[in-house]
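Just so it is clear, A, B and C label the chains in written order, and each chain counts residues from 1 on its own.
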Amino acid sequence: MNTSTKRIIGALLVCNGILLSTAANAEEITIWSWDTAAEALKSVSEQYNATNPALTANTVTSQVYDQLTAGCAAGGVNLPDVVSIENGEAERYIQQFPDCFVELSQFGVDELKPLFSDYKWVELQSGDNTYGVPWDAGQVVTFYRADLFDKAGITADDIATWDGYIEAGKKLAAATNGETRMALSNYTSGLNWFSVMAQQLGCSVFGEKNGETTIRVNQAGCVRALDQVKKLADAGVIAPGGWSEKLTALKTGKTASAVYGAWYEGSVRNNMPELSGQWRVTKMPAFEEGGKRAANLGGSALFITASSKNPAAAYDFVKFALTKPEIQIGMLKSHGLVPSLLSTQSDEYMSSPQEYWGGQTIWKTILETSSDIEPVRATPYGAEAGDILVAIQTAFVEGKYDSAQAALDEAAKQIKNATGLTVE
Amino acid sequence: MRSATKRLFPKADRWAKISLNFFMLIVAIVWLTPLWMMTIYASHDDQMIFSGSIIAHHGGQFLENFAELQSKQDFVRAIINSVIVASAGTFFGLVVSSLAGYALARFKFAGAKAIFAMIIFILAVPGIAIVIPEYVILVRYMGLSNTYFGVVLPYLANALGVFFMRQTFLALPQEIMEAAYLDGASELRIFAKIALPLVRPAMASLAIILFIACWNDYLWPLLVLTTEARQTAPIALGRLVGLNTVAWGPMMVGVTLMTIPFVTLFLLLQRQIVSGIANGAIK
Amino acid sequence: MSPKNRITPYAFIAPYLIAFGCLWLIPIIYSFSMSFFNTRARPWKFDMLHNWGRLFEDALFLATLKNTFLIILVQVPFMLALAVIFAVFLNSKLLFLKGIYRFAIFAPIVVADAAYAVIFRLLFNDDFGFVNQLLNAVGIADIAWTGSSAGAIALISISLTWRWTGYNAVIILAGLQSIPKDIYEASELDGASRFTQFLYITLPNLKPVILLCLVLSTFGTLQLFTEPTLLTEGGPGVSTTTVAMYMYQQGFKSFNFGYGSAIAYFIVFIGLGLSLIQFKLLGSKSDA
């Protein structure tokens, strides 16, 4: 074993030598992204390279966050030129590591401001500085199985409100011998539905007062949202489940709908080709008839790292990828990444019927909600508050608090303890 | 002695024998089921895995699953990377640990006690706590980003390895080395020609312990190795779990690929491995 | 002994000390001192109790500490008892086909953490998993392995037991084999039953070995991270979040580097403290 080990070690030392000597090539920019988003950016890189022979853009699939954190903590080493960060995660990075990213005003990012909705910009800025350019959006809508709904006698109008959603769930269970639920939601491991509902009601975990970040999680809108989560769980129309469970449950007909960000379209379409024609989209449920049926969940932006050797070229690539309607529509078609670029709304593809979705013009439905979306900031404290809220939400659903108000008062207290912010 | 036992408890013996063997049979079945099911899942498509019925036989989808796995992640490459990293970590870890363990076992010198106490302390420190400063040193100051070498370096200083080798060398009869020493042999020669050959079985088992530890490591290689071409198997697996499209069949193929070679190796070298782990712990 | 040259021992230990100093000692000193800084302030501000003081007011931290201790107090003793039983049986003259059983129990030692966590996640899937299907087949309703706190704790415990019992059994088996045979022979002639022998000869002689397993398992549990992350993501709620996971969340997710460090070294001190207690309660002078 020893000789072969030595040979391997010898070989790898040689490899390292080669790698280290060729690593610094200023004519190449590297982009980090994840999963579907990375695949989409890979094809954008190819298009970019075809028109810009002087520069090579190279997209790498990466588990962005841990690597980005370590690279920024080490003072900007081992990082790409461009990196994608989800909107909700952006603030903790630009607050904690402002020196890790390039401030984009110098490249004229202000010209791009009118091209996107306001809610996409708030989390990419710190004071007057802008660090990122918006990419995709996560307009929340309800995806549902028309065939299963038909079987149970449910129509899209029935799920226009959350209470209607519960009633529909009961009908669905009755029609399928209890085999099929309305949806899985991550209410024991995350806050997707809670934060979306709170957003509808104009509440958020954090707010701002006199220029200071404050805690608002125990205000009326959030309390009502938490109550609604428990009502849904108590009625048995939803059950807990994470990402993979959700997809599996939808694929196997254990659940018939998903209330999720519009980027979920690509996941449904690519994971369940056999269910083509059975799916439909409608706006998310409101709290009362005529109430707000819009919220945002997720979506991301591109950032340029301060360690980039060629930030101007990186910015050129970012502009190419994010501000050209045809490129954005291309990523929507191939990977279901919904553009937040406003000019894409008038593209004819957006009003064309989608075969997978039974000929429905889903993008029209989805984009119509954009203007109703309330801007919400995750703040740098989002992750910490999230941990606390998940624990309390689970305990509340399990009946360990007398009321949603009591639960969220406790949450506010703990968040205050953790962050040192004041409760508004 | 055997006949004495039989004479004293003839009937109890038979029942004891039957129930003992039966109990262990059940345990063995339960214990092997996860690995068996892993190979079964690896050979079915997701439709079958989530069909809601018990699957007890192998399907014919293994190669299709393998092809799908490879199209999402170059898993074979990831396993090769893992083998490179773990082999290098094991080899250098063995060299460093046996040298240090030998010094602690054979010589009395100033600071020996302090070093030993530190080693015990290190065993209690969670790796996650120091991963960022470690990263700053290796990647920022030594420029070893995205290199196998950078991943392997921290594995050289393995507290458990030094502890293990110290205990092993302590158990050697000191007279042999003393005799060589009086014959005028250098310490390095005594170490290499006399002590090391005597502890070869223990080295083999430490090799396995170190190999498993390197093979298992997740966060450190994730941070240092930034390109897909260099990622190790656990990271490739982690990426599969986090993908938008979770395909269990292909994932199980990946798990099988990273498990079966070692289980087989274990089957072949069982006696050495087991006695090695045991010796290291007991002495 | 003393070598010819006083430098010799240092030459032998130098490679370790250099690697250790650069890659462990400096990071340890650095991260420990970080626990005394408010790392949210810009620039970082020295504040002795900012992080350490928060530990005991932090309901989440206390909950994760409780979860970790539950495993140390329930799963670890159960696993070690099982390991003793396996070792005694594997060592018994009455057992046939020892090789097969040994293989079955010891094989998990070489299975990677991430690999077995993924296998167990599928086996224990609430809706489609093999385990629930088996339970259904014998008329037992589905158990919510990941959907309920009790189920999730059971799932983590079962997984850990599968992975680590064999490892401990190996160590205990070796301990068994080093007990002098003549003690048993003498007691047999006195007419002692097997159970009496186990109670009065085997167990007392195994004490140092069991203690070692206990200390190793305690350290291991205090650093437990991979299994709950991949199996239950620490949920539902925080019911299976361990201290090590919480430390990761604080450091890598919330960027509270100082607080993460305080948690890390709290774990270190608890680990060292617990092993001291274990030595005091179970150990004799010869073990220390």
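Definition applied: a residue touches a chain if its C-beta (ideal position, glycine included) is under 8 Å from a C-beta of that chain, and two chains touch if they have at least 3 such contacts.
Everything numeric in this text was worked out from a predicted model, so none of it was measured.
Chain pairs A-C and B-C differ in how many C-beta pairs they share in contact, with the greater number at B-C.
Using mean Cα coordinates as chain centres, the one most removed from chain C is A. Averaging C-alpha coordinates per chain places the centre of chain A 36 Å away from that of chain C. Per-chain CA centroids place chain B at a distance of 16 Å from chain C. For chain C, the set of residues that touch two or more other chains comprises 127-128, 252, 257. For chain B, residues touching at least two other chains, in rising order: 50, 52, 132, 238, 241. Listed for chain A are residues 66, 73, 248, 252, each touching two or more other chains. In the complex of the two chains, the chain C residues touching chain B come out as 1-6, 8-10, 12-13, 15-17, 19-20, 22-28, 30-31, 86, 89-90, 92-96, 99-116, 118-120, 122-123, 127-128, 130, 133-134, 137, 162, 166-167, 170-171, 173-175, 178, 185, 188-189, 191, 193-194, 209, 212, 219, 222-223, 225-226, 230, 244, 247-248, 251-252, 257, 260-261, 264-265, 267-268, 271-272. By the touch criterion given at the top, residues 65-66, 69, 73, 92, 96, 188-189, 239-240, 242, 245, 248-249, 252, 254, 380-381, 383-384, 387-388, 390-391, 393-395, 398, 414, 417-418, 420 of chain A touch chain C in their complex.
Of all residues in chain A, those touching chain B in their complex are 1-2, 5-6, 8-9, 12-13, 15-16, 19-20, 23, 32, 34-36, 60-63, 66-67, 70-71, 73-75, 77-78, 80, 243-244, 247-248, 251-252, 266-267, 270-271. Chain C contributes residues 40, 54, 57-60, 63, 125-128, 146-147, 149, 233-239, 246, 249-250, 252-257 to its touches with chain A in the complex.
Of all the residues in chain B, the ones that touch chain A in their complex are 46, 50, 52, 84, 87-88, 90-91, 131-132, 135-136, 139-140, 143, 145-149, 207, 219, 222-224, 226-228, 235, 238-239, 241-246.
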